[in-house]
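Both complexes shown next keep subunit A, but they swap its partner, so subunit B is in the first and subunit C is in the second.
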Partner chain A sequence: MTSTSLSDQRGERGERSGPGAVLPAPAAGAGRQRSRRRALHWLTAVGLQLPALVLFGVLVLLPILFALYASFFRWGGFGMPSDYTGTDNFSRLLQDPVFLGDLWRMLLLVVLSLALQLPFALAMAVLLNQKVRGRAVYRMLFFAPYVLSEAITGVLFSMIFAPDDGLADHVLGAMGLGGLGGQWFAGTSTVLATLFLVMTWKYFGFHMMLHLAGLQSIPAELTEAAIVDGANPWQRFRHVTLPLLAPTLRISVFLSVIGSIQLFDLVWVVTAGGPDHHSETMAVTLFQYGFKRYQVGYASAISVVMFAVSLVFALAYQRFVLRRDLEGATTNMRGAGA
Partner chain B sequence: MSVRRKGRTLPLHVVLVAVGAVMAVPLLYALLSGFKSTDQLSRNPVGLPKPWVFANYGDILGSGSFWRLAGNSTLIAVGTTVIVVAVSAPAAFSFARFAFRGREVLFTLFTMGLMFPFAVAALPLFLLLRSMGLLDNPLGVILPQAAFGLPMTIIVLRGFFRQIPGELEEAATLDGCGPLGFFWRVLLPMARPALGTVSVLAVVTSWNNFFLPLLVFTDSTWWTIPIGVQQFQGQYSADTARVFAYLVLAMVPALAFYSVAERQLVGGLTAGATKG
Partner chain C sequence: MGDPALSRRGFLAASVAAGLGVTALSGCGGDSDGGSSSGTTTIEWWNISTTEPTKTVWAGLAKKFEAQNPKVKIKIVQLENDAYKSKMTALTASGKLPDIFHTWGGGVLQQQVDAGLVEDLTDRTRPWADGLLSVAKQPYLLDDKLYGIPFDIGMIGFWYNKALFEKAGISAPPTTWSGFLDAVRKLKSAGITPLALAGKESWTGMYYWAYLAMRTAGVDALQKADEKKDFSDPGFVQAGQHLKDLVGLQPFQKGFLGAAYSSPTGQAATVGNGKAAMELMGQWAPVVEADAGKGLGANLGFFPFPEVEGGAGKITEVFGGGGGHALRKGAPQAAVDFLKFFASESTDKELVRKTGVLPVVPAAESVLADPNTKVVQAQLKGSTGFQLYLDQAYAPALGQQVNDSVAGLIAGSKSPQQVTQAITGTAKQGQ
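Here is the complex of A and B:
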């Protein structure tokens, strides 16, 4: 983002044929002319953004701001909100066992993902980063579920985990482990674990692909040097691969957490939050109140909390963890361009 | 392969085959179950179909409703992709090659869009679409999808545009090209791979979207495949084999698209993730 961005400063008003000065030479000329050119430059730059800004502003930002506004009202969703109730919706949320359960389940899914799903994805990436026969096939197979709709995946697994006559129970029964099955999505104590299994089936391949891309960007010389130094495979992984893979892993963690915060489709299709709210997520609760019970003000309060949770997490993560990885990508715009 | 190497890689293969089986079995099971009658499925859940029943797949493919869903999904995916790319490309160009006041703020605004769950905006968006008369209208899904696709598309395209050497812009300028001419005649044609990548991402995201069509389409005219699958399961819950056949047919387009566009999809996702 250095010299070329200035190239259009010499462009004449409204014309496309202005010969551009491509070097960062200061536009020599009267100050007034310079400021006019600067204005034109700004107008072109912003004009190019305009359609995106309008679309984004109207359909993303405006709704989010409106949800914030509506969360302070008791409102059924028709007309404009008028029954101002202050922070009542929020105090009600904090006493709502279902909502508090949503937060708890979100936390559980985050912990499970970070403790099991991502290490598993990393292990598979390390395996498939070697010269293994059929590795292209494995890669494709492991990633394939990612391209399926969550809704379709959900229906598929609701049938595979159907109590007693689903595939899962048949397989466990055949292995003499019939006692393990039986409940799956139908049991209050098993539903979340079963959901997590399905999420892992669907999403670990995506993280594996990220990790693979990260692994492939590690120069082979470093590993070779470690071999020469006599490092065993574990030491090579722990002291060479892992540190160099850290940026990729941090992104992976970030996406996984954001995914857990907004989980909806899968749950809605499979259990709609049941049995007895034991698989309900914030988005499901929001949907129930907003679209089924017409307590739109209360549902808006849920979306505000979701927003706040995402924001706090995103900012904190960016501040403390991601910053060095993103330097030059999003924060420091100078020098990396042209 | 020497015996020694075989011995060393054997555990590796065992692990891969086991994981591969867990990944593939649900899909194969659905495929085979679709070739059974529901009666046969309950008697013979895991074996090969005997006899092979083609009626499930045949009936679904022979009825207009499945094709209608596929057509709706296609139209919405194409519409979303065209809009999101057409709107993002100039914005990404501006972010990549212009220095102007407010750029950082704007760009941060867009990148923040990546972090926010769609559900946060769902309620007001629904009310907005209702007041605009866009419920039960494909635009009611296309426009919000395009809006929520902007951050990712802009980030990927901006990254690509920044890699184009400045000398090229100098040359174009010397040839009498203004910034817009440079964008249209030089940058966009060069960016075809990047445009392909973001298009593939947009198509897949739209194709799999469930929440938004669920909100917007109250009657079945514009239902997309994910909605159709859920409805079909509700309607034929007793006819398990038929639901399996329906599921398989519903998965085929996404898997076929993936096998054709694997490179763009994986490349785009990893680039989007690491540059976002």
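Here is the complex of A and C:
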């Protein structure tokens, strides 16, 4: 998906919808007929979408609204919420050091993902986009962790990083670096870094694949032209590859950030948020309160904040960053014209 | 792009409200009221016996019951301890529990009873349940009504490696807290890890604080504090201080903060493989040590939690609990029959002989062979006071808060005062 092909699509679409929308109605009869036709179109559209809309409403909108409702109550999860406490749950959240820690760790993971994981994935993609012997094997190997379930990954790495007995400590010990290991997931200061290592191992392959797909849609002629113009490899990467890869990178960033905000399964399996909350994420705290303490009202407040953070990020990102990529790809009322 | 992201977000938000119901629905898909066309009743039996040999023995007992009652089918659902608790939370919220389910009694059972989901067994089990050991029934008696039938009763104490104690020059198990700290120091200077702890599972650390609180503030203090919603008694702060003293000696295995309990590198395996000298654990410890690790055999010993000098508690007061089964409201008669079968003398003898539980039927005492189990049994019989596990005795929020705060104390991030403050805060808050 390059910007060239996008603008092509946009051009085509514009031409097709253009005349119908711009031409003035030639006669009153034709206008009435057209509005009736349009009403029929609307009816068909609504009718066709109704089953999906109902499902979406019941399974997505309703629970969101209910969580919002429950977040204003002190509620144990039995019966309907009745003990209205206003915004108590939210003010409690803002004073809860664990929750504030969750926000901080979320930020940290987002920054680390963007600063280390994605550049690493991009570097691997660029390497494997070249004619390397056995590159299909490498691609498969690097992508394999992404296919593995989070639970299996978690169990695997809690064995690898088991203090003293684990593979990691044995390898480090054999290299004479035994002093480096030892704590991993068990240390309050090392747990987040170790977790990020595992996350990178697990997810970089996915981003690498995205980037590879993006790289392969860049026409070779452009690179060749740059070579003819005397551009060195860095200049070719910086001024040809990177700009044309930008839409892919923007999607990659989006997925990575949303993934970091909602991180749960891996953490739950490996550390359950410990030691002493040092690897806890919002979703883990939510689970603790909702499913272990039965403080469902409070847990709902956490879910609302999590939802808000994701929503604000997603909307802002789509509005300001993805706009160029999405234009023409999404349907809006402008196309229909009045 | 927007759509999948939105539905994922929606799903997470939903996990609190509808998610509870969805999980529950998928969980008890097969949970019908029994009664198929052929006239057989299917009973779901949810338990947490995922380790051997209990798993096999229980399956065998279910088969035996089926053979005796050809019209009843038993469907066993087994979940690991923590997973079971989570699942039950979801099921409780959904309003329908399995026919027969594992329970520890206390606050969690009370909550399920309050929600109207548990069958009152007082009358339905009257003739035979009266014969069961009364201390074993204690956790399931709520407002003088019986809601569960025990299959195990036990207590927490120190399980220790006799060979390692000998190596460190400790002649007899300590009976006082200062003697215990001395033993820890001796073990350390002999190059032996004194204690194994599963820091990832916070209930394991809670045992220390709870026992110390019983020893300093007295056996009734924990129950009274729950009723008054006030844990500021100086005895509780002292308990925290004693625990802090212990933690200060760095007695736990390397990486204990990330260790699980029953995994191959967890607390039980560390002791079972002789890599640490002691663990504070319940009567099931020998079985799990042998399952997760090699097991210590004749080298394994048991001693009760030491007395704290100057404290209000005695060494004969025990902290413990058991295991039992409760029935969902409206469970078929076959489920009651099964409870009766499971608490019969012959079944209890088999359980005691093969799975290392302590007898709940007095007559089954005769088959106790393991010397350690005998020590625990004697301790229980001679007990002068009893406190149920805190995470079961208290409402879930309070129980979790105790676990969580004590874990903070052990990790070094909370002071003894902060622990009692946090616990009091949650107690006052309710839900």
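Points to keep in mind about this one:
The rule is short, and it goes like this: the second predicted complex is superposed on the first by the 289 of 338 C-alpha atoms of A that agree within 3 Å, B and C clash if a C-alpha of one lies under 4 Å from a C-alpha of the other, contacts with A are read in each partner's own complex, and residues count from 1 in each chain.
Here, contacts are C-beta pairs under 8 Å (C-beta built on N, C-alpha and C of every residue); 3 or more make two chains touch, one makes a residue touch a chain.
Remember, it's a predicted structure, so these values are computed and weren't measured experimentally.
In the superposition on chain A, A:Lys292 makes contact with subunit C only, not with subunit B. Considering which of subunit B and subunit C touches more of subunit A, the answer is B.
In the superposition on chain A, A:Gly101 makes contact with neither subunit B nor subunit C.
Within the superposed three-chain model, A:Leu210 lies in touch with subunit B and out of touch with subunit C [touch as defined at top]. When both complexes are overlaid on chain A, the residue A:Gly77 reaches subunit B and subunit C alike. By the touch criterion defined above, A:Leu59 reaches both subunit B and subunit C. When the two complexes are overlaid on their common chain A, residue A:Met306 makes contact with subunit B and with subunit C alike. Judged by the touch definition given at the top, the superposed model places A:Leu127 against subunit B, while subunit C stays out of reach.
Contact with subunit C, but none with subunit B, is seen for A:Asp164 once the two complexes are overlaid on the shared chain.
In the overlay built on the shared chain, the residue A:Thr44 is in contact with subunit B alone; subunit C does not reach it. Residues 59-64, 66-67, 70, 77, 158-159, 165, 251, 258, 262, 283, 286, 290-291, 296, 299-300, 303-304, 306-307, 310-311, 314, 330 of subunit A lie at the contact with subunit B in one complex and at the contact with subunit C in the other. The touching residues of subunit A, counted against subunit B in their complex, run 1-8, 11, 15-20, 22, 41-42, 44-46, 48-49, 51-53, 55-56, 58-64, 66-67, 70, 77, 124, 127-128, 130, 132-134, 138, 140-145, 147-152, 155-160, 165, 167, 170-171, 174, 201, 205-206, 209-210, 213, 247-248, 251-252, 255, 258, 261-262, 264-265, 268-269, 282-283, 286-287, 290-291, 296, 299-300, 303-304, 306-307, 310-311, 314, 329-330, 333, 336-338. For subunit B in complex with subunit A, the touching residues are 9, 12-13, 15-16, 19-20, 22-27, 29-30, 42, 45-46, 83, 86-88, 90-91, 93-104, 106-113, 115-128, 143-144, 146-148, 150, 154, 159, 162, 164-166, 169-170, 173-174, 176-181, 183, 204, 207-211, 214-215, 225-227, 229-230, 233, 240, 243-244, 247, 250-251, 254-255, 257-259, 262, 265-266, 269-270, 273-276. Listing the residues of subunit A that touch subunit C in their complex gives 59-64, 66-67, 70, 74-79, 83, 158-159, 162-166, 182-188, 191, 251, 254, 258, 262, 271-272, 274-276, 283, 286, 288, 290-300, 303-304, 306-307, 310-311, 314, 318, 322, 326, 330.
Considering their complex, residues 1-2, 5-20, 85-86, 89-90, 92-93, 111, 114-115, 199-202, 254-260, 263-265, 395-397, 400-401, 407-408, 411, 413, 430-431 of subunit C touch subunit A.
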